[in-house]
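My questions all concern the structure below.
Each chain carries a letter (A, B, C, D and E) given by its place in the written order, and its residues are counted from 1.
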Amino acid sequence: MVIAKLIGNVWATRKYDSLNGLKFMLVEILDGSDKNKKIVAVDTIGAGRGDRVIITQGSSARAILEEESHSKIPVDAVIVGIIDEDCDF
Amino acid sequence: MVIAKLIGNVWATRKYDSLNGLKFMLVEILDGSDKNKKIVAVDTIGAGRGDRVIITQGSSARAILEEESHSKIPVDAVIVGIIDEDCDF
Amino acid sequence: MVIAKLIGNVWATRKYDSLNGLKFMLVEILDGSDKNKKIVAVDTIGAGRGDRVIITQGSSARAILEEESHSKIPVDAVIVGIIDEDCDF
Amino acid sequence: MVIAKLIGNVWATRKYDSLNGLKFMLVEILDGSDKNKKIVAVDTIGAGRGDRVIITQGSSARAILEEESHSKIPVDAVIVGIIDEDCDF
Amino acid sequence: MVIAKLIGNVWATRKYDSLNGLKFMLVEILDGSDKNKKIVAVDTIGAGRGDRVIITQGSSARAILEEESHSKIPVDAVIVGIIDEDCDF
């Protein structure tokens, strides 16, 4: 999983049907060749602006959203954890 | 999901059978080490030239296309949302 | 999907059994941080040297090959379309 | 699989439910364009700080965790081996 | 698939159970932004040191190993072919 900083919400009024109701967040990758890259991830745990979050990508991200849904959900990045503030790295 | 700008249509008269009828779009990644990279994504929501769009990649992209199809569809990138114009980042 | 230029055939006499009969092509990525990177893709549509082709990667690539096969096929990149010559980008 | 160095634990009190009980480790990629990138991987074999470890990513990582679980587990990187100390490269 | 050069064996006495018996090889990517990156791949065809090999990654790699196994195998890269010596590129 990659580590990213939560920047804020992403608003997309027009989107694929099964995405309605999901919270889209803009997050910034903190490390590697994609350092500072901004991607969109779905929040599942109530993360807030400024939090350092753990992002799971690929089919592993989609699978948890589809567990409670009858339709396919085209999502490839999900926020799955907030790194504790006193975790120093 | 990555953020990209929709550039225009991609025309490919010769293509894999199950791709017929899909709308192929050229989009340009807006961030990260692949900034300015152009990729091809299938449009599912009626996006237009110049829109900033959200792209879902990998098996999550293919899954929604195959929901309404009996054959496998070799697609790994789909436009799933248009970012609102007043969303400022 | 990424856009690549078809360079030529790749010959690999020794290979995994279920790959026999597939056409392996060398293609060169045309854009992004992997610009000029050469990868190997399986041709499904009769593309020729010099063609600009559309490459689908990951499980989406493998799925179409396995539709007509009883064994698993370890392929992660497939040529799925040829971009029309008068498509100017 | 990529090779990484295990740096230490990652603490995330708030996380997706099915992640409880898993050991999250910070590892540093040792090679390639993502050299020195830190990612989070789940430890399955009791690796320790300083070990050079083998990381499996994507759906292959998630699959082994879900074998013993009834719910989906949003993980995309797992430590699956420790490289022997006298393995010189 | 990417093209890599086989460097030698990787020894990992401590590893995930279902990996026992597999041959782990160190290979070096020959092209692209990850040129010279060393990764670990499972050999399925008896490749030797110095061979230029074709590497399949992701779920496509895992699938062929699991065909003959009852447990999940956390592998995301497999050597599936050896490029003929007289193949000049």
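In this section, contacts are C-beta pairs under 8 Å (C-beta built on N, C-alpha and C of every residue); 3 or more make two chains touch, one makes a residue touch a chain.
Heads up on the chains, UniProt names are A, B, C, D, E = Ethanolamine utilization protein EutN.
It should be emphasised that the depicted structure is a prediction, and the values quoted were computed from it without experimental measurement.
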Subunit D to subunit E, fewest steps along touching chains = 1
How many Å are there between the centre of subunit A and the centre of subunit C, using C-alpha atoms for each centre?
-> 31
Which whole number of Å gives the spacing of the CA centres of subunit A and subunit D?
-> 19
Residue list for subunit B, restricted to those that touch at least two other chains = 33, 58-59, 61
Cyclic chain order when read starting with subunit A and heading to subunit D = A, D, E, C, B
Touching subunit D in the complex, subunit E uses residues 7-8, 10-16, 18-19, 24, 26, 29, 33-34, 36-41, 58-59, 61-62, 71-77
Subunit E-touching residues of subunit D, taken from the complex the two chains share | 1-3, 31-33, 44-47, 54, 56-61, 63-64, 67, 78, 80-84, 86-87, 89
